[in-house]
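Some structures are shown below for you to check.
Below, chain A partners chain B and then partners chain C, in two separate complexes.
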Partner chain A sequence: MDPQDDSFDFLFKIILIGDSNVGKTCLVQSFKTSQFCERQQNTIGVDFTVRTLSIEGRRVKMQVWDTAGQERFRTITQSYYRSAHGAMIAYDISRRATFDSLPRWIHELKQFGAANVLTALIGNKRDLEAEREVQFEEACKLAEAKGLLAAVETSARDAWSVEEAFVMMARRLLMQNDTSVADDHTHAVMLRSNSHTVSLTSASSADEKKPCAC
Partner chain B sequence: MLRRVSSSSSGKSSTSRRSSSVGFDEFGFALSKKRVRKLQHRCHDYSYPQPNPVKVKELCEFLTYWNGSSFICRNQIERFIRIGIPPAIRGRVWKCLLNIDSLRAASSFDYEACQVEIRRPLVDLGVSEYSIISTIDSLVDTENEISSGQSDLPSADLTLFKQIALDLRRSFPTHRTLMGDRPEAIEGQAKLFRVLTAFARYNPQIGYVQGMSYIAAVLLMILSEEEAFWALVALLEKPKYLSELFDSSMKKIQLQALVFHQLLKHRKPLLFQHLETLGVSSLHFIMQWFLTLFTSLPCWDSVLAIWDLIMLHGLQAVFRTGLTIILLLESRIMNMTEEAAVLPVLLRVPMDVSQHRVLIPALWNTDVQEWEINCMNSLVLEEASGGQDEEKVKKESAKCCTSSLSDGQRDVKPSQKGAKYTSKKEAPGSSAKNVFTRLLKVAQHYILESGKNSTAAKSSPAKKNPALSRLPKARISTSFAQAQSKKYVIQVRTKRSSSRRSQNSIQSGVKEERLPSQDSDGGAAEERCVKEIEERW
Partner chain C sequence: MDSLSAASLCPSAGSQLSPDEMKLLAKLEEQNRLLETDSKSLYSVSGVLQSPTSPKTLSEDDIWGHVIKEWDDWSKRKVGQIKVLIRRGVPAHLRPVVWQLLCDAQNVSVSQHYSDLLKSSCPAETLIHRDLSRILPQHQLFQKLRDATCQEPLLNVLKAYAVLDREIGYCQGSVFIVGLLLTQMAEEEAFCVFVRLMKDFRMRELYRSSMVELGCCIYQFDSMIQEQLPELHSHFQTQGFHTSMFSSSWFLNILLSSLPITAAMRTFDIFMCEGLEIVFRVGLAVLHMKQTELIKLDIEGMMNCLQNLESWESDPDGMIEAAYQIKYNSSRMKQLRKEYTSIKTKELEDQEELNGLSSENEHLKQRLDLLEKRCSEQLVSQMKKELEKSLRNAARSQNTLKEMQTNTLQIEESSSTVPDENSVMYLQTELISCRLREAEALTGLKELKQHIKDLVKKWQWQQVHCGGQQKVSSAQNDLQVELLSARLKEALTQAALKESHHKLLQLQTEDKIHSDKLKRTEAHINSQRDHLRELTSQHQDLCSQLQQSRQQFSALQYKIQILSKSTTSFSQTTLKPSTSASLEHNDT
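Coming up: the complex of A and B.
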């Protein structure tokens, strides 16, 4: 059961941050097991999950550091930022406050993370459409304004776009480290949320920012 | 030892008529479908020993004469804990061990009055503790009202209530008292909310920290609401238990992780080295283990047995449990080649290791003394304070590591010789008297050894004696002076004194002049040592 299959071509560390109860642990679990656990315990400190993806014949090991959302743990979780290659900042689309704290998370990441840490915004609980308080465009705008990789909406409950979000991270990190991997544009445009298409990057330009094609 | 097989609790099911489809095991955990069982990481096959009716009666009688400050009482209760506390009496035992009644009597804090105070502004906002989860969103809306002065709920309180409310269903989400929105669970969540908010009022400097909800929830499973509150106060405020662990700086938990790191380094140098090589940080798993007191273990009978011991011995038992777990996983970890393989087994301790019949006997056979923790503690503080000293400490530690390599499996083996020193075979090294005897033996051993060189010491009888061999190692590692019995006197002294930081001054102070005579005259030194220790205690 434990990932003793230590053969891999690339190893990426992803830090998963965001306010309390936005579904960080469920996201990781969905990524790891494709299952949703209705009754999830809150995370104390930092949890850890690993899954190896196969991308264009390369074995990419994704180590996900799932952090506690409470402010009090910030000093400790911050020490995990430095070694992260990628960061996913999660918020809950049905709770405005969790979106409003994104700039604080981004700032913190800039402060404690590596300079080139690849960052994506993850709007979770998309299944709660009826209770939506944050429009996807807002997330796109924020991602663009802050120069982040992408904004994605997911539903850990329905395993919707979760895998894709992680694969997108893996792919992007792979591109940075291995030039022979092409930016799979078709994949990128498949990341749809709420009928909006997120284009990760314009195929030709090296521009990191993704326009939000609405 | 009788092995139990879980069954849905038939006796209590009448109270939960509406949960038609959900069954619960004897400790109240939902019997989940196979598909999600692995996700929930919970075992329902319990292996704790069936309580012996005679012993149960004895224990009940004993509790009526309980005196928390009596050594004899504490000795006696340890015997009972070792046999196994029957679930039905656990509440009484915990109340005794935590001295809840006297704590409540001595405090001017009024739990009921505090509840009234907390409830008032919530009621004004149309929120009750019974609907806190569903009304959390309206609480968010009221934030604006609060800032515009329309409510008398301070916004700090609102943040606090929100965080607590978020965690109510996320602490043991499959336990009958907290699961979903059954009437029993609504009541359970409300109780948990009240206890946690009351604690935050009682100690506003700590407030609420994630992890606490697990501790409070366990207490609520065993004790009445107000008792659970005072038990939480005892656990989170008494230095013997978890005081400062939840402080806003979170410094203490980081310190404890370093202390555990040192403990492991001295007890299991190879394992320690392996973890170092793989880059596994002890803070990572210590945080979860210590802040939730091992409630993440999948086997609940084990968790409760661990808690019994923690109630008796405090933080020391927390270290002891941590060490036991990691030792049980040692062979597995040694075969792992990356951090990514190690962390999952430490964060989600496998069922086979967590089972009562495996973990609890191993726990009793793994000895960690309070002074040992103190010793590691000062070592960590020493390392943190001085760069120059650090080199010295490292050298000493390295010496220690090599010297303990030969000891193999000693930690999990019962202390054979230890039993000789005490009449109570069940609890080697745990009674105060026993500690003295050991200290003296060690002192004697070292005095005898002082003339010989270090290689001779390695092949000394200490090697065969787990209880003895451990003590000198810890001592060597601390880079204290090479004095012999003096060390232990100092340790005992510091244990009694409230400030560990004053250790250096004690060390270099009063006791120094006695050293030469001790070195030259072993017998006299031992006598003095006895006297000294007896005086101190």
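Coming up: the complex of A and C.
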């Protein structure tokens, strides 16, 4: 183990779920190394990645559990739900079916996860705009209807909003655990909650991202 | 472990370069050791190896050649020897044949349908396509298949199996197994071997959708770690590192995705002969070997360490040997399986109960909703009824109010027709004065009558007195009598006068009443007359109307007559006389 990574103030377990081939492992890779692997081997069972973020002077260790998407692996992956603090349910914006199965994943999370698990919807493959089959507003609506934290669109290929999505999770989890951390309005995150104005000041992608209307 | 690795140095080093004798000696030593660890082996390999030819000239290939040639015999009677040979490793160029023999691939009944299977489509096909396009190209297994054209056989075999076995379909781990098979043999052969592996090697159970078999394997493996590597197991637990996190893919891939290719091949050789046991053995051997390293690591480090088993590459023989140093107790495994099954059954029961409860909960919620809805509906309908009722009440009270108003109006009207107070007063005083007059008259009458009585008494007394004084003044007496009678007459006349005066008054009142009546009758007559006049005018109107109608009628009759005449004349000209006659008759 890297001795530099040893110290941390908070450890959050994030489970990354969603249909097969929506790019879960690529998202994790992008988060970890900011690199995209065109041909990512499929995950058998479960895999995980750790990265320590620094948020307002606190070292937040994010342990991201990357699960196999194929349905039959669910009996194996379900056992990881319970210990997760946060969940990211990924879908592919260019494949409608992956969005349609979100309610099933949400249900699964309710059934096997902790009661207060923080959940966000991640619409990946935002770079495939031409093949888009799912509108961002739909994801926002779903997130609101199901009482989820947020809906975010990302592109693991372009490392676009991936970092922000994870930072958003980390920040929100910190807020739950440490009241001294304020919600960050300057960060380019799309929060569902009406009480938080969404401001997109991140220079890299502010013009590209649409705020979650919900 | 240390002694094991020291011992393994000898045969592995010898097998590379030493002369034939050394090689054979080393092999025999190794076999003996392996046999000692394998209680199931019944035969001595050394005898077999020495039997056909002299031991000095016997090469590995010769032995395998012999085994392959007489496979039926060996597979029936010399299973132990086959096991020993396979644990030593199948020569690379013989692998295709040996693997097919080991799983009796030639006799797979579905092989003839392979081309048909490829023609059909299956729902998993798109998923297979996607998976193949992203499989890690640098994985040693797929170096040959990196080309898109070379991926075709892989796709075909996976698809054909998914079509053949709809229940299992395509499972993501299987791509490594099929990939490995395709490095050794042609597409259709690989398919046959894969079918066998699925059917007869617990693979089908492993891939089954519920993955209970995988869960069982993981449970057994976890128990083995706990029993044989307790220190490591407790480290796993403190780190929250569950056995399933690293071993799921070990079982599903037969370690193919984790081990370096040579070690993977050797493991697979043994798997083809002895089944999943080798995965437990190699897995535990890996953990045993890396124990000291793992105990220092956190969860992430351990995951990385166990996913990357490159360090085995240099020494597959050592790995196999280490694997056979592991205690593997079949009866214990059976026991663990039973335990797992009971745990799972309990879990399933709990889950079912939970499901039942949650569905009941759902049901109750729905009912509650329904009841609430119904309740509110009832409330609404009740409110509606009440509203209607009150509306009706309001209407009724309005009606009564109207009635009252009309009544008031009527009363007001009637009160206006009634003579006013003054006239009533006047009439009352009139009545009183009438009565007074009557009483006056009556008292006057009484006085007069009393006066008459007095006079009569006086007169009688005078008559008695007059008897004695008759002589004195008979003439005076006569005059007095006359006077008295005259006065009497006068009184009588006055009384009669008063009576007639009274009668006159009565008659006057009667006359007044009658004249009133007369007046009313006259008014009535007048109204009747008016009515009569109206009626007469109406009558006259009607008469005039009648007159008009009669005129119109006569005009119409006249027209009809004209028409009938013209018809008659027309028919007389065109029809027979008889027909026209009948027509005339009809017209009339």
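Here is the rule we go by: the second predicted complex is superposed on the first by the 184 of 214 C-alpha atoms of A that agree within 3 Å, B and C clash if a C-alpha of one lies under 4 Å from a C-alpha of the other, contacts with A are read in each partner's own complex, and residues count from 1 in each chain.
Convention: a contact is a pair of C-beta atoms (placed from the backbone, for glycine too) under 8 Å apart; a residue touches a chain by one contact, two chains touch by 3 or more.
From a predicted model like this one, the values you see are computed outputs, not experimental measurements.
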{"item": "Chain C versus chain B on the shared chain A, clash or fit after superposition", "value": "clash"}
{"item": "More chain A residues in contact [chain B versus chain C]", "value": "B"}
{"item": "Chain B versus chain C as contact partner of A:46, first or second or both or neither", "value": "both"}
{"item": "Partner chain(s) touched by A:33 [first = chain B, second = chain C, both, neither]", "value": "first"}
{"item": "Overlap of chain C and chain B interfaces on chain A (superposed complexes)", "value": "20-21, 38-42, 44-50, 63, 68, 70, 72-73, 75-76"}
{"item": "Touch list for chain B against partner chain A, complex", "value": "35-36, 39-40, 137, 140, 163, 166-167, 169-174, 179, 209-211, 213-214, 246, 248-250, 253-254, 283-284, 287-288, 291-292, 296, 336-338, 340-341, 343-345, 347"}
{"item": "Chain A residues touching chain C - in the complex, by the definition given at the top", "value": "1, 20-21, 38-42, 44-50, 63, 68, 70-73, 75-76, 79, 83"}
{"item": "Footprint of chain B on chain A - complex, ascending", "value": "2-4, 6, 20-21, 29, 33, 35, 37-50, 61, 63, 68, 70, 72-73, 75-76, 95-97"}
{"item": "Footprint of chain A on chain C - complex, ascending", "value": "127, 130-131, 133-137, 139, 171-173, 175, 207-212, 214-215, 240, 242, 244-245, 248-249, 252-253, 257, 296-301, 303, 307"}
